[in-house]
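What follows is chain A paired twice: with chain B in the first complex and chain C in the second.
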Partner chain A sequence: MERVRVERELCIGAGECVRIAPATFQLGEDDIAVVTDAAAATDEQLAEAERKCPAGAVFLDESE
Partner chain B sequence: MTAADLTPLRPFWHPVAYSRDVGDAPVGATVLGEPVVIFRDGDDVSAFRDLCPHRGSKLSLGRVIDGKLTCPYHGFRYDGTGRCVLIPSQPPDQQVIPSRVRLERYAAAERYGIVWVALDEPVQELPACPLYDEPGFHSFSPDAVTWKTSAARWMENFLDITHFAHVHAGILGDPDDPVTEPFEVHTTPTGLRYEFSLRQQLDPARWPTETGGVMEMEDAYAYYELWLPFTISIITDTTEGRWSIWCAGLPVQPAEVRLFFVVSRNYMLDEPDGPFGDAVYAIADQDRPITENQHPEMLPVDLTEEIHLRVGDAAGVAYRRQLREIGLAYA
Partner chain C sequence: MRNVLVVGASLAGLRTAEALRAEGYEGRLTVLGAEAEQPYDRPPLSKEFLAGSASPESVRLDPRPDLDATWLLGDPALELDLAGRVVSTAAGLALPFDGLVIATGSQPRRLGVLAAGPEHPLELRTLADAMRLRAELGGGRHLTIVGAGFIGVEVASTARRLGVDVAMVSLLPPLSAAGPLVSSLAAALLRERGVRVHAPRTIVAVRGSRTIEALELDDGTSLPADVVVSAVGVGPATEWLRGSGLDVTDGVLCDSGCAVPGAPGVVAVGDVARRDCPTFGPVRIEHWSTAIEQARVAARTLLGKPAPPGARPIVPSFWSDHFDLRLQSLGLPGIADEFEVVDGAVADRRFAAAGYANGKLVGAVAYGMPRALAPFRSLLSAEAGS
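And then the complex of A and B:
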């Protein structure tokens, strides 16, 4: 299972995840966030991205 | 900036009273926590800080004498520019007006049967009221109402369409049909606009119809337009005709908003307005307990503080982004 994913049906393009972990998230041309490199962020960054996403669109793999 | 700092709203036009209520006597209002007095001198309406600089008395408790705003305490008279023109305790031939006896004046305007005030130099034109002057339409204004919630919480509720099925069942929504189809929210130089398809029927017991039957809104469209910060119009086409509810909110203080209405229609023009006003109040009364009990009271402009759905909350998200651009943290 991937370390982190963005549910595009929920994303509102606020860009919080990009601000918190720019090496892991980017906004696509449709202003929907995508994961570009899941390994590039720390656990803390990913947790913050999940916590601060205004749409609750960032999901972490909790199996680790 | 404190959480309740509404200073960025000072240069916007705010509705303060219906024109019909501004007659021979001064009228007091509170705008962004600031006491305001308005008075009429012929065709002109003037607005000032509701405070006589002599002894701090409320000018709205006074009278208008010979077209001059007159303090209730010592009778100081002020003209439409805020200049003191008479101190009655001084002999008429020895009137020496101290230089500091001058009222703090605000921009004032009158449109759509409403008096508007801006506390600082206005940065925008007055909002539009699309059907007010439209030929074939009749408009009226139900009495204003006050809600104990922030103006932005009230406004976002007006923008929100996914609550119809749950809060306005039988009037605006169908609890068995709660799904909201995607719609596009357009930003404009002065706010937002969007439209979406309506499928519901309006309960004839709640909304007047010519025949007394159901008002069908199948395949009709509702057109929303918002003028920042707190004026909104919804125009709806139905089998009866076109009607609109237009509403402007006065941010009295951080958690209090006063609502001024214009209700327009192009059908049942010979029928009394009362039942249409009652329908507006019925809808508002359903929203009111929801918005008056939201937490926090002020609408958080920072999107991370609440959860936003991509489709259902599209208008609210766009609105919060615009409030942020104005410079507000909470509204």
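And then the complex of A and C:
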């Protein structure tokens, strides 16, 4: 399972995840966030990205 | 647009300034802030920062490196002249603009009975407030918190962890804004952790000659206190707009694109904005996530661009950490007249519940179940759009 994913339908392109973990998240051409490298962020960064996403669009793998 | 002035240097102002650049704005950008500090994040002030586990540096919001803005800090806005398109400041500056972002946020409400006392209690809104309060919280101290909202409950939680004796006085039950289900659990948690909650009670007098020595309640109780914190909610910081002609009834009225009606080239964002929302009409939402979401919308509006591609009716959301639990809220659970537990159990302090008003889904809350609310985002968004 992916470590982290962004739900396209929920993303509003605020870019908080990109600020927190720029090596893992990027805004695509449609301003929707995409995961470019899930391994590039620490667990803490991913947890912060999940919590701070204003749209609740960042999801972590719950099996960890 | 060649000259944009952002009034307010906190989250909403900073994020709007950044969004203007991200959207291609190349003109002058000035950010005016009432506080002397660089922008910082407020949510940790009542949690990690107050507990002593976060430094002032760690709560700073670092602006994007290419922001290229002029920062005027420690200088509150005094007046807006809409016709002349200029904002005057307390330090005597006259700042002309062709685009204006109103982002002055909110400020603590004050109770008359406390204002009449020998000194005003501490408050918790700014970094300076948090540093003052932090210095007062040590083991063996007696803290009285006035108000049982999110700030009050978070301060109670942090203070108990620091070994402080805590009493709470409130007209409303704890966390009543999140609905009765959350409220009764919060009341139980406060009791268990040794916080003496006096609610529903009002303060009738403050005793003390130079400092506050005790609060007298309407049931005859006298609450002695070393430290008193007032946390009875906030109101929009609109005093500087009083003579501007703008509608500032409970915040600056703006449309769904954050544009202020009757004032071309003016937008409002964050706590100060009373923005039109398809479901609830104009509503002022004091949430961190709402400030972030509005910033981009407002920046595009100011630049004459249509709403962002991903834009959709907002689903207000917030979180609160207290007593080792995380409370999360979506929508407006405070207006619900009926709750349905959809996951976990209230008795286990782990549950998610949907809130309905007249049979319509209006919000959802979760305690100790960080991911249980995800499905409700889409549902509430769909409800708002229908």
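A few comments on the model shown:
Note that in this section the second predicted complex is superposed on the first by the 64 of 64 C-alpha atoms of A that agree within 3 Å, B and C clash if a C-alpha of one lies under 4 Å from a C-alpha of the other, contacts with A are read in each partner's own complex, and residues count from 1 in each chain.
Simple rule for what comes next: a residue touches a chain if its C-beta (ideal position, glycine included) is under 8 Å from a C-beta of that chain, and two chains touch if they have at least 3 such contacts.
None of these values were measured; they are calculated from a predicted model.
With both structures placed on the common chain, the touch criterion links A:Phe59 to chain C but leaves chain B unconnected. Of the two partner chains, neither chain B nor chain C is touched by A:Glu2. Between chain B and chain C, more residues of chain A are touched by C. Of the two partner chains placed by the overlay, only chain C lies in contact with A:Asp30; chain B stays clear of it. In the superposition on chain A, A:Cys11 makes contact with both chain B and chain C. Shared contact residues of chain A, touching chain B in one structure and chain C in the other: 9-12, 14, 16, 54-56.
Contacts from chain A toward chain B in the complex involve residues 9-12, 14, 16, 52-56.
The residues of chain C lying in touch with chain A in their complex are 15, 22, 288-290, 292-293, 295-296, 308-312, 315, 317, 319, 330, 371, 373-374, 377-378, 381.
Of all residues in chain B, those touching chain A in their complex are 303-304, 306-310, 313-314, 317. Residues of chain A that touch chain C in their complex: 9-16, 30-32, 51, 54-56, 59, 62.
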